[in-house]
Structures are given as structure tokens and as C-alpha cells.
Amino acid sequence: MNNNDIIPWFILLNPLITAVLILFVFRKNHGTAATVSTMSAFFGLVGSLCAFTLAPTHTFVRWIDMPGLQIPIGVQLDHLSQLMLLVVTGIGFLVHLYSTVYMEHDESKSRFFGHLSLFMFSMLGIVLADNFAMMFIFWELVGVSSYLLIGHWFTRDAAGKAANKAFMMNRIGDFGFMLGILMLWSTAGTVTFKGLEAATGTLTTNPMFLTAAILLVFCGAMGKSAQFPLHTWLPDAMEGPTPVSALIHAATMVAAGVFMLARIAFLIGLSPAAALIIAWIGAITSILAALMATQQDDIKRILAYSTLSQLGYMVMAIGLAPDPNGGPAMFHLFTHAFFKALLFLGAGAVIHALHHEQNIWKMGGLSKHMRVTSITFLIGTLALTGCPGLAGFFSKDAILLAAWSNKPLFFIAWSTAFLTAFYMTRLYIVAFTGKERSEAAHHGHDCPAPMTIPLVILAILAVCAGWKTESYFMSHHAEHASHIPMLLAICAFMFGTFAAMTLYKGKDKEPLSLPLFRNKFYLDEIYGAIVAGTQDVLAYIAAKIDSLISGIVRLAGMAAWGVGFLFRLLQFGNVQGYSFVFGLGVVWLIWFVVFK
Amino acid sequence: MNPILFYLFSILMLGFGIAVVANRSPVASAMSLVVSFFCLAALYVGLDAYFLASIQVVVYAGAVMVLFLFIIMLLDLKAEQRRKFNKLAIGGGALVALAFAAQLLGVLGGHPRGDKPFPELKLPIGESLNDLQHVGETLFSLHTLPFQIIGVLILVATIGVIVISKRELK
Amino acid sequence: MTLTLNHYLLVSGLLFSIGFAGVLLRRNIIIIFMCLELMLNAANLSLVAFSRFNVGADGLPNFNAQVLTFFIITVAAAEVAVGLAIIVALYRARQTTHVEDITTLKF
Amino acid sequence: MQQIIPAITLEIAVLILGLLMLFAEAFSKTADRSHMARYAIAVLLALIGFSFFTTPPPANPAPGSMWDFYAVDATAMFFKRIALATTAIVLVMALEYRSVLSKFIPGTEEGRGTGEFYSLPVFICAGLMFMASAVDFILIFVALELVTIGFYVLVAYMRKHAQSLEAGVKYLILGALSTGFLVYGITWIFGLSGHTHLDKVRATLVAGFAAGGPLVGNEHALLFGIMLVLIALGFKIAAAPFQLWVPDVYQGAPTPVTAFLSVGSKAAGFIVLVRVLEVFLAVPAVRGKVIAVLVLLAILTLLYGNLTAMPQDNLKRLFAYSSIAHAGYLLIACAALSADPFGAKEAISFYLAGYLVMTLLSFLVLITVARQSRGDDIRHFAGLGKRNPFLAFAMTVAIASLAGIPLTAGFLGKFLVFKSAVAAGQYALIAVGILGVGAGFYYYIKVIAAMYWDEPTDKTEITVGPLTRLFVGGLVALVFVLGIWPAPILNQLSERPISAVAHK
Amino acid sequence: MTVLNFIVLLPILNAIAIACGAPARKSALLSAWTQLALTIVAMVGYRGGFAYGSTWAVAPEWGLNLTFGVDGLALVMLLLTAIVTVAAVWVTPKIEKRENLFYACVLLISGGAAGAFASVDMFFFYAFHELALIPTFLLIGIWGQGERQVAAWKITIYLAVGSMILLVGLAKLYLAFPEGARTFDMIEMTKARHLIPAAEQGGIYIWLLVGFGVLISLFPFHSWAAPAYAAAPTPAAMLHAGVLKKFGLYGLIRIAVPMLPEGAKVWMNLLLVLLVANILYIGLVTIAQKKLDWMLGYSSVMHMGYIFLGIAAGNAIGITGASLLMLGHGLSIAALFAMCGYLRQTSPSLAFTSLGGIAKKAPFLGYAFGMAAFASIGLPGFANFASEAMVFFGAFKAGPAATLDFSSIQIATVCGLWGVVISAVYMLRAYRQIFQGEPQANVATFKDPACSVKWSVILLLAALMVGGLWPKSMLNFIQPSVEALIGK
């Protein structure tokens, strides 16, 4: 193992050690915990920067190793993971920095940072994983850290419920993921990505099988990246502290599904049917989420639906253009990470400043009080809505271009872009402009430096992350076949922004009322009914059957007792009766033996 | 044996046997039993078992019956004569006994070997069967051990009778 | 008409059944006891009949059976002695020889 | 060491012991007879040791000699030892029980009238030992009657105790009834075969019922005879439906007698049963029927014994029902006797040895506790774990063994029984047996629950005399030794017959 | 005397000593720790094959010997026994009545389990297991809670009947060998397995399956488990659910799998149906539970399904995974029961509705319970995940590859995977209701447990994590043994 091989291991294990240190050593020492955690995140960032310059490497240790089943724990540093490392550690570091202030007065700050480091470890594990099993392991671990962080304020009932919901939805996705892994493994005989790549010949012998396997693996991504119909956990996950939302539920973890799909792009490419289904699911998610976002009032929820929508975009992109280097999907993931993190942190700053007020209709006029926040937030909004020249424009353009070949999908993608511009502009206008609509909004103020610095840095990245970076993601450089998609995208941006501006400028309350969108297509209610109607009813029935079974057992015991009791009545004490029974026995046995 | 004598004694024996069961008075039952055993002894004679016939008379009709009568008198059991019949018990018991008898008939029907007459004995001309000698020889040569055990048995029975019927211990 | 073995067996069997019936029907212990004696004697009759029937190579009855009969008579006498002693003791304790009165031990 | 002592010496010694005890009873000046019992225990135990040095009577008995009817094979010797050991322990119980006993025997002095209570078991022991060796119907009958009459006396021994007398009467009537059937059955078998010696009976029957044999056509008669004998023996071993006497007699009898009945009488019954079954099962014409009836009896017995014990509250009665159940397990092995002759016989012998140890142990504890708690219901055992942990532990061991928990003698016996049933393919029996074990756990553990779960109603400590303590300890050890290291016993059983007589 | 003899005899002798009046808790703890130390010594010194053999002729003519000896698999089970014993003794709170009897019973259970795992002889393998029967009865009956008496009867009779069925199966197996080749030595039996006629194997296998199945709480023979665990005192529940229950599975792996491959095929579909019922149906029943102890009891039943799945797979991967899962499940359920016991001690009721917000009052407990709960639902990092994954891999591989026409075992695997979701449902729901939310009034005075409870839970969790982070540490022991067993 040479020095270059150590760096990825360092990146992976550094947060783990930090987490263990914090959780077991600095439990009571909140200040130290925050410092240690942030420092470690910084080291991670430095390490990732170093790793970015390295040649691809791949080292592993044997975790389970027996004939027929080898599961290594390996780190694979390549084109895809190098960039993803940067995204994760970069945003991770900024969020850590931001959190030192945001969580300053939290009574279990060290727990928060411990879990945050644990999350970093898990996420980096996904990024670096060289095989499916290891990815699954870290997949589950990010699930747990996400569970822990969403439930950070576990004394609130909603937080606990949201955490549970997130974990459960992911588990459902992981059910398919694991099954997909099993199917691929049983055919290819290996779980490593390289091994699978080598075994494509075997895998393609049964296209149906391959399609099914890929779609099952995609289930994992559906859970983690909150694709329809497993998306409902993500908005609820906003119960967690806002830095968590920024890091996990906007920039990195939810993107893990997309990253994983990019990892297996070579497989998706083998199955057009699977690719198309993936693309459609992404498209549906993006449009539904965008529609829902238009009617939300909670600043974090709007951003959450926006995240959903953008994740749908990326998934659609994977389906449309599976590219081992990531393709437009990873490009969008990359840019989206910055501006969405920016938006969340900005929202966090607002919330922090307004003493946990999250309703945009109770804000207003914040641009006057929170200059840095409002400017960076505006930049983020523009980047997200696809304002030409900003990062989001380029990546979104790449996706639209990829969708151009499939007109229905293109239409959906375009509508989504339009809606994105609409609801983001709505958010900005309602929250930051106009009059202050609450007492808290009057006292808004910019936050301390550790919170604003990340905003500024992210804003800069949100502006320039799209410049000249596209080629990094494209394994073969596609000529811009047509400029029409780009023009249409600009149109979408402009229409959306304009519509929102005209509709919301100067309004004090929601002028539109679309209950369907506001209530998220009633999906939560439907799921609730399904869960209550199936799982709980089934559980109830099962419990009844079980009491029946133990009742039968008990009954058997009682029956034995009862028969014994009846038999005992033969023993009525009269010797004449005894000889009568004796005689009956004699006659019966003789009949049985002699005459039968 | 003369078949007529056989039938006579058999019928008498069975008749008095039934009388044992049917009589309400214990004394009458005991007397019927004596008669029945006498007839049985007669049947033994018909089977050339003279020794056993005499034993039967001596032991049963003599000793055992006296014992029975003695006890019946001692306990003065007449008082108990009048009691309600338990019809169910009687019906059931009779049914079982009848069934057993029927089965016995069935068994005898499946016993072709027994349909043959008794074989003639090979006796020296002019001598009658000295069964006492033969029984004695068998008893004291072949079955000495059981015989001695019988001795112990009687000892045990004697002790038992004493132990159980003693009134007070001094 | 000659007498066969089965004649004797029938008679003894009937006697046995009568004794058995007596055991089942009567409720006075002493009479039950008499009926038991009847049963034993019925068995004896069969045994003697078989003894006379199973003539050995020497042309004589099988005396083993007669010896057994002898033992049975002896044993029966001893049994009667013990049994009557017990009955007397019971009568002293309970003033009864009736089976329906001695049912304290049950179930 | 050269073995020059004939085996019958053992019986003779036992009889002499009994006579000496009678003399002692007659001439002893003191009222207390307990020394008699102590000497007798010592002698009986010595005889067990002595039994290992015996040799059979004349090596080649002349045909027609009395030794012809007296087999001294491994099984016989084994059962003789069982009889000796049982009697010794019963005498220990009798000593423990003497205070209760003398309450029901009117006497001017404490301890009067107990002498016969010690000597009668010795005579019965001789009878049991004769039964172990008996291979002739005459000897079987006589020895059986010696035992039975002895038991009549012992059961009714407490002549001021109405229950004891009631038990005596019940045992007497039903016992005599079964004797009638036994005699009648022997009659029929003799009638068909012309012999009373088991080997000769077998030879005659096998030849007679072979194709073209002189007895063909008389199967009904043979089956009738066999059935009558089986009914009588079924009565002795307490097989359903001839088991009704068992609970009442066990409950009414003096407790040492109950123990003696449930062990000695049962063991003797089984050895005779095995010996006659070997004859009956040898006849192909009736083998199937005999096995069928054994299966039937076993099923009935298992069900009756086990299920009926479940609602019991009186411990003596509970042990009575459980002894019926144990007869059922033994009958399983009997039903496997023809398919797995060696295994089944081994199983029966071993089971009985284990049964002896665990039953006597439980009765020993029962007597000790019942005497001081003034009652033998399960509730009188409540809190025994506190009142006397040693006795509670001993009872637990006995119960564990009776229920068939491994590493105890009872388990190994059950294992052997089930093994031979498997070898014989008797799955119906196995199923019922398993059911029985389940029910058995219920009622046995009831006792443990009472001893450990419940609080004692009577807080006085229970004292144990030194002799009883010694025997309880020894039996506890024996339960484990037999359960863990059965080799010594198995060696005895698998030993080639000392005598060639029985298998001539 | 080998170290193995000490491992087996130590707890038994100690139980006797305690029953005779030795200071109960101290000597029990000492014995448990020594047992653990000796087990680790044995593991360190292990060099493959069957080691630490010792034999004592019991009935040579049947081939019945008291033979001890361990392979890697048995060593791992012994390790499980030792760890859980230490934890069980350690967490035990002050026993108010009859302390000596209590510890004697606990040690007897442990000794019985250790003896069974260390036995090479089939007879004693069986016999040692039963040693625990009466101690369990006493423990539940005297020191239990709730419907303790009913539960004690139920478990005892149920297990006794199961053992009897098993005994018949073992007898059948013994007799299936031709005369002359009959022996109780499981090593010899495994070597001579080809002598068992293929046609008879099915008949033997079903007896073993039902017999062991009752002991393992295979559906539908599971109804003893939950009430018994709910009623049992903490150490008894830990030892029984954690260790003793593994006896049946160990027996299947040791006896049924290697010796009766044909029999396994005959009953494969039945087994699959039952184990899927164990996972899905019992999983649903678990969801419906309203009290923590019952829920844990049912969850332990449910997880048996996974181990069965590994055994049903029949290949080295599945069986190795099942073996490791035995360790993982044993440790995690023991930890859960340990904490459940602490909760029971301090809270009036274990109903979910009456608890809440405990994590705030007792952060350690919240953490540790969370870890144990996550371990039990198969979170990576704990042994359960590694093993469950291996089970799934092994089971899935037992069917055909590259086709969507799943064979029955593959369908069972899919169902098993869904079970993972179900287990998450009930565990997380329980965790949320007990530990999260605002502290309720009746847990206002709740505190973290004392050191003994803390450290025993830490011990269990640490062992779980060692097995999860570095499964090879255990697989190095298990895998060669399993391969030797199934004849690779």
C-alpha cells in the first residue's frame, strides 16, 4: 500500500474515528466536540482535494471471504468518486462550520456533531465503495445517521415520526436493492463493480432478468433519493436541524441514489427498458414534486419539494443518458449540491434569525435586514431556476438536451423547469421582499461569520460551478445537436419567474388555492390508509391467529386435563364397578383378539 | 363316565352355582356352594382324578365352607339382606357375564381338538389307576420347589390372618 | 353318545361364567368371595379334564395338571383365610360387608 | 473367584431371614422391633453383594429334576437383585413409617405389632425372587400367589384404619378375580400344549401350529388362553383397563407397602410377562394378534395413566396413576419385543431398575414429609424447598427422573423404550408415548412447583433420620449414576446367561 | 482434563456449590468470567478439526461415550454461551428471596448449554440441553412476573414434548445405521453418513425438524416462546432466548444437515413455508404487540426464520451465515432482554403507551437500546447484518441463476428480505414510543442503570460489533467446520 492508497482510507476512516471520539470521549464536552468534528471535516476536504489530483486507485481488505462469496471492503478512487468526494467533503465542511453556530445552544450538541461525523463516514463509504455489498452497508449506515439526525430533537413527536418514516421508506427501497444485488450476484458471481463490468456477457443472456435486477437495484435509489412513490419521507425529514437538511437531505445523501445509478450506468446501458422506466419515474417525481412545491408555505418544505423535483430530474437524466462518468445527471447533482445547500443554509439563517419561524407568509422584507443572506439566497434561487450563466442553467440544459430525443419526457422536464422558476421566485418574493408580516421579521439580522461564510462560498460556487465543468461528466463529448432545448429552457425560466412575480408581488397571503397540490396529492393520507389498511390489519389478524394457535395449544392441554378428569370418574370407588369395568375389558379384549 | 351321570352332576353343579349367585341369604349361598363343590368332586371322579376329588371334598366342602359359614354367623349378616337392587349394575354385570359365556361357546366352537373323546388309559390289566401315587410322585420329584413355596405361602397367610384379626396387643 | 373334552370344558366354562357373574352382581363381599371360589374351581375342572385328555406317552393322565390343581386348591384355601380375616377386620371397623359402603377411596 | 454357591441359596437365605425375624418377633423382650428391620436391611443388602458370586444349580440338571423350572439367567439374577434392593429400601421406609403404623395398630406400647410388618416384606421378597427365576407355569403361579397373598396382608395391615382395610378388600377381590383368570388361562395353554414348562410349551405350540401341525384349527382356543393370561398379568402390572384397583389400593395402603407394590409387584409382573410373551410371540399363528393387543393395552394404559394423573391432588394417588403410566411405557417395549427382542428386553429391565430407584426415592421422601406434615396431598409439600432443601432436592431428582429428564435413570429407560419402539416401527405407540410424556411433565412438575414456588403453610422444619438420609442420598446418587453411566447395569443384562437351562 | 472439560463442568459444579451455600453472586460471577476466559483461551489455542477431545466410556456396546470435543462452530457457540452467561449474571439485580437457588439455576442453564455445545456424543448433546428444563421452570415460576406460572408450565411441557419428539428422531437416526456401524459419536456418524439409506432419510428428518423446531420455536410450535420470555426473570430470558434456543439450530446444523441431505430435500418446501411463516407471519404478530417484553419475545421467534433460511439453503454460505447469525441474534436479544429487564425493574409497566421519553432521562439506555435494536434488525456494523446477508446470499444461491423463474427457496429469500422491513417497523416503532417524545410522568425519576447493567450491555454490544465489523474473526472458526460438516 503506497501513500496514494492511504489517502482514500484516510478520508473514509477519519470521520469514523471522529464520531467514535465524540460519542464516547467528548460526550459531555460540547465545545470540543464541535471543534473536533469541524476540524475533521476540514481534513476530509483537504484529503479529497489531494485525492482529486491522484490517479485512480483501488485497494480493499477482505471482509467476508469464503468460497462462493467474497465481500471486500474496498475503496475505489476514480473519476466518479473523486468528484463526489469533493462535493461531500466540501459541503460537509461548510455545513459543519455553519452548524457550530446554528447549533450553538443545543443541549446535545456533541451528539449532533457525533452523528454528523458518523454521517460523513457513511456517505464517504458509499462514494468510495468498490462493490455493491459495501455500498449497501454504507447505504444502511447513512440511513441510520439520517434517522439519528432527523430525530435529533427526539422529544418532539414529529421528529421521531419523521425519522421513523425516513428509515422505513428507505428500508422498503433497500428490500429491492438487496434483492437486486442478490440477483446480479447469483448470476455474475461477484458483487464488485469491476467484476460486474467484466461479467456483462453473462448478465445479458437473459434481458428480462437483467431489467428486473436493475429495476430492483433502482428501488434502493428510489428510497434514498426519494423518488415517487417512496418520496414522502423527504419533506417530513425537514423536522431535523436545518444544517442536516442542507447536507443530507439536499446535497449529499439524497443524491446517493443518483450516484449509485451512475455507478451502475454501465448496467443500465445494457437494458433500455430499465433505463426508460427509470427515466419516467424520475420525470414523474420531478413534475409532481414541483407541483406540490408551488403551494407550500414552509420555507424548508418548499426547498424539500424542490429537492425532490431536482432529484427526479437527475434520475430522469440517468435513465435518458446512462454514462459511466456520470453524464448530465451527475453534472446536475454537482451543481445542485451547491445551490441547494446554499438555499437550505440560507433558509436556516432566516429561521435562526427569526427564532424558528418557518412560514414564508410570516416573513417578508427580509432583504432589508439580512443583506448577505438575501443576496446569497437570490443567487441560489437563480441558479436553481436556471438563470442563464449560473451553474444550474448548464446542468439543466444538459438534461433537457438529453431529453430532447424523447418528447413526452422533454415536455415534462420543461414544465418542471417552468414550475421551478415559478415556485422559487414565489418563495423569494414572499419571504424576502415586500413588508414584514410578523414581529420576528422586523428583527431579522445577518448571522455570525461562521454562518455567513459558508453562504458566501456556496454562492460563489453556485455561480461558477457550471462553467467549463460539463466535460468532466461526459465520457464522450456530445455535440450540441440542437439549440432549441436551451432556448426553451430559457423561456421556461423567464415564464416561470414572470408568472410568479406578477402573481405574488406585494401579496400578503396566498392568492392561489390548489388543495390538491397543497395537500401533496393526498399521498400521505393514501399511504397512511394503505399502511393502516394492510399492515396494521394484517398484524391484527396475525395476532388474532396467533392467540388462536396458543389457544389451541392451551385447549389441547385443557382437553387432556378434561379427559383425565373424565377418566378419573371411572375410579368411583365401588369395587363392584371396578370388576364390571374389568369384565368389560376382558370381554372386549377377547372379542378383539379372538374373534376379530 | 356315564354320560347320564355327567349330565346329572353337571346340571346340579351349575344349578347350585347359580343358586350361590341368586340366593339372597349368605348362608343359603354357602350351602349351595357346598353342594356345587360336591358335584364338582363327582365330576373329578369321572375324570379319574380320585385324589383331587377327595381333596376337593375335604378342603372345600370341609374346611373352606366351614370357615365361610363361621364368618357369616360371626358377623350375623342377615341384617344386610334387604337392600334395593341396583338394576343397572345387575343388568350390566349379567350382560358382561353372558357375553363372556357366549365367547366361551365361540372358543369351544373353534376348538376341534376338544371334540374328540377322552383317550383310553393304558393301565396294567386288572389294576385301577393309582392316581394318588402318581400325583405324589410328580409333586415330590418334579414340583418340590413349588410345594415348598406353598408352605411358605401358608405360613404367610397364617401370619397375616393372625396379624389382621388380632384384637389388642398386649 | 360319548363324552368329549368339550363337554367338560363347556361345563367348566359355564361355571366360570356363573362365578364371574356372581362377582359382578353380588354386593356382599363374602358372597363375592364365594363366587371367586367358584371361578377357581371351574378352572380346576378344566385343568383336570385337560389332564385326563392329554394322556402322555406312558398312557397316563398328565399329572402336572393335577399337581397344579392341588396347588390351586391350597392357594385358594389360604386366600380364603386371609380374605375372611380382612373382611372380619373391615366389619369391625365399618360394620358392613357391603361393597357400596366401602367407597371412601375414589377418584 | 470360583463361583460355587448355587443361586437358590439367595432365596433360601431370604426365607431363613424371614423365619428368624418371626422368631425374633415371638421371643423378643423389648417392644421396639426396629432393630429387626435394621438387621434385615443389612442382610438383604449383603445378599445383593452375595448374588454376584452365585452359580446356578447343577450345571446339567437331569431331565425331570426340579431345577428344570428354575432358570438362573442374567435377567433372573437382575430381577432378584431388584427384589432384594426394593425390599431393603421398603424396610427403610417401614422404619420411617412405624410411628404412623403403630397409630393404627392398637397396642399397649409404641412399636408393638410392627414386627410382622418387617418380616412379611422379606417373605414377599422371596416370592419375587422365585418369580424372577420361574419358567414354569406352576412355579409362576405359586410364587405369584405368595407375593399376592403377602400383599393382601400388608395392604390391609393397619387394621384400625378403615382406608387400609378398604384398600385391602379391593385388592383382595380384584386380585382374586385376576387369579381366577390367570388360572383359567394357564389351563387353556396347558390344555393345548400338554405342558406347563415354558420352553416345552413353546416347542409344542410352535410345532403344533406350524403348517400341518396337530393343533392347526385351534387358534381360537390358544388366543383365548393367551388373552386370559395377559389379562391377569395386565392386572398385576396395572395395565388399563385392569388398572382400576391401583389408585385406591395405593392410596389406602401403608405408604411403604404402596412403594413395594408399585415397584416389586410391577417388576415381578413384568418379568413374568416377558417370559410368557417370549413363548406366545414364538408362535407365528398368533404373533400378530398378541402384538396388536399389546399395542392396544399400551395405548390405553399410557392415556389413562397420564391423563388421569393430571387432575390429581393427592400425591400417593398421583404416584399411583403415574405408575400406571410407567406400565404403559414398559408395555411399549413389550410390544416391540418380537421385532427387537434384545433391545426391548434390555429396555424393560433397565427401565424397571431406574423405576425402582426413582419410585423408591420419591416414596421415601413422601413418607418422611407426609409423616411430619400430617398428610400426603401435594399441598403438604408446599414450600418444602425451604423446610428441608435436602428432601426437596431429592424429590426434585426423583421427579425429574420419573418425568424423564436426561442424565437421570428414568430418561435412559425411556430412551431405550422409545428406541426399541422405533426399531419395531410402532409409531402409533410412539405418538401416544410422547403425548404421555407431555402430560407427565404437567403432573410431575406440579410437585416441584409446590415445593419451590409455594410458600410453606407449616413452617416447621422437617427432620430426617440418619438411615433415611443415607438411603435418600444413596438413591439420589443412584439416579444420576444410572442415568449417566448405565454400563454396569447393561453389562449385567447383556451378559450371556449363566445357566444354559433357560435356553435349552 | 482439557480446558473444555473445565468450561463445561465449571458452571455445573459452581451451581452445585452455590446450591450448597457458597456465596451466590460472587461465585457465579467468578465462574462466568472464568468460563469466558477459558473459552477465549480455547479459541486462541484452537488449530482446526475437533480439538480438546476427551472421552469416557459410558456404554461401549452402544458406542455411547461421554465425549467432549469442539470444532470451530462449537467454539463460537461456547463463546456465545460464555458471554451471555457473564452478562446474565452481571445484570441480575439483587435477588430478594432464595438467592442461592436463583444463581444455581442460572448457572445450570449455562452449563447445560455449554455441555450440549461441547458434546460430540449425540446422546449427551441431547441430555445436556435438558439440564436446563427444570431450572428454567423454577426461574420463571419463582422469580418471574406477570403470568409466570402459566408461562412456566407452558414452556416446560412444550419443550419436554419437543425434546421427546427429537429423541425419537435421534433414535431413528441411530437405528438407521446398519448394525455394527451404530454409534452416538457425531463425528463418526457424519463420516458414515453414506450408510443411511436415502429412502429413510425423509422419515428421520421430519422428526428432527419438528423436534428441534419446537425447541427453536419454529412456526407453528412457537407459542411457548413469547409468554415465557415475557414472564421470565431477566437472566433466564437472556440465557434462554440468547443461548439455549440455539441448541436446536446447532443440532440441525450438526446432525440433520450433514447426515440427512436427502431428507432435507424431501421436506424442503414444508420447511420453507414454515420459515416464511416465522418471518412474515410472526413479524406481523410482533407488530401487533403492545408490550416491550412480548414484542422482544416474538421478535426472537421471528429471527429464527432467518437462521432456518440459512440452514435450508444447505450450502456453505447459508449455513455459515446461519451459524454467525446464531451468535449475532443471541447477543443482540440478550442485550435487549437485559435492558428490558432494567426497564421492568424501574417502570410500572412495559406497555408502550405508558412509556415514553426515556432517552432523555437515561441517555445511555437510549443509546444502548437503540444499538441493540438496530443490531437485531440487521444494521451493518453488527454481526447480525453480516450473517443475515450471508444467509440471503446463500439461500438465493441455492436456486437457479439468471432467471426470473425463482425456485421456492429464492421466493422464501424474497419473503425473508421483506421480513427485514417488518422487523424495522416494529423495532423502530417500539423505540420511538419508549425512548423518544417528551418524558412521561411515570418515567420522571428514571435514571441510567448502574454499572453492572451498563457494562454487561456494553460487553454484549461490543461482542456484536466485533462480529459485525470483523466477521472473519468468527468465520475463521465457523467456515472450516461447516465445510467439513457438509463435506466440501
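By written order: A, B, C, D and E. Residues from 1 in each chain.
In the analysis below, a contact is a pair of C-beta atoms (placed from the backbone, for glycine too) under 8 Å apart; a residue touches a chain by one contact, two chains touch by 3 or more.
Every value quoted in this text rests on a predicted model; they were computed, and no experiment measured them.
Listed by label, the chains that touch subunit A and also subunit E are D.
Shared contact partners of subunit A and subunit B comprise C, D. In this assembly, the chain whose C-alpha centre lies farthest from subunit A is B. The chain closest to the protein's centre is E, with centres computed as averages of CA atoms.
Top-ranked chain pair, ordered by C-beta pairs in contact, is B-C. Centre-to-centre separation of subunit A and subunit D, using mean CA positions: 76 Å. One finds 31 Å separating the Cα centroids of subunit B and subunit D. Centroid to centroid, with C-alpha atoms defining each point, subunit B and subunit E lie 69 Å apart. Taking the mean of the C-alpha atoms as each chain's centre, subunit C and subunit E sit 64 Å apart.
Touching two or more other chains at once are residues 89, 92-93, 96-97, 100, 103-104, 106-108, 110-111, 113-114, 142-143, 146, 150, 153, 157, 160, 164-165 of subunit B. In subunit C, 9, 16, 19-20, 23-24, 27, 32-33, 44, 49, 53, 64, 67, 71, 75, 78-79, 82, 86-87, 89, 100, 102, 104-106 are the positions where the chain touches two or more neighbouring chains simultaneously.
Shared interface positions of subunit A, i.e. residues touching 2 or more other chains, are given as 557, 568, 571, 573, 575-577, 579-580, 583-584, 586, 590, 594-595.
Pairs of chains meeting the touch criterion are A-B, A-C, A-D, A-E, B-C, B-D, C-D, D-E. Interface residues of subunit C facing subunit B in the complex, by the touch rule stated above, are 1-11, 13-22, 24-28, 30-31, 33-35, 37-38, 41, 44-45, 48-49, 51-53, 55, 58-61, 63-64, 66-67, 69-71, 73-82, 84-89, 91, 96-98, 100. Interface residues of subunit E, counted against subunit D in their complex, comprise 19, 57-62, 66, 98, 101, 123, 126-131, 133-134, 137-138, 141-142, 149, 152-153, 156-157, 160-161, 164-165, 167-168, 171-172, 174-175.
Only residues 137-138, 141-142, 145, 149, 152-153, 156, 159-163, 165-170, 172-173, 176-177, 179-180, 183-184, 186-188, 190-191, 194-196, 247-248, 251-252 of subunit D touch subunit C when the two sit together in their complex. Those residues of subunit B whose C-beta lies close enough to touch subunit D in the complex are 103-104, 106-114, 141-146, 149-150, 152-153, 155-157, 159-160, 163-170. Residue ranges on subunit B touching subunit A, taken from their complex, read 89, 92-93, 96-97, 99-100, 103, 106-107, 110.
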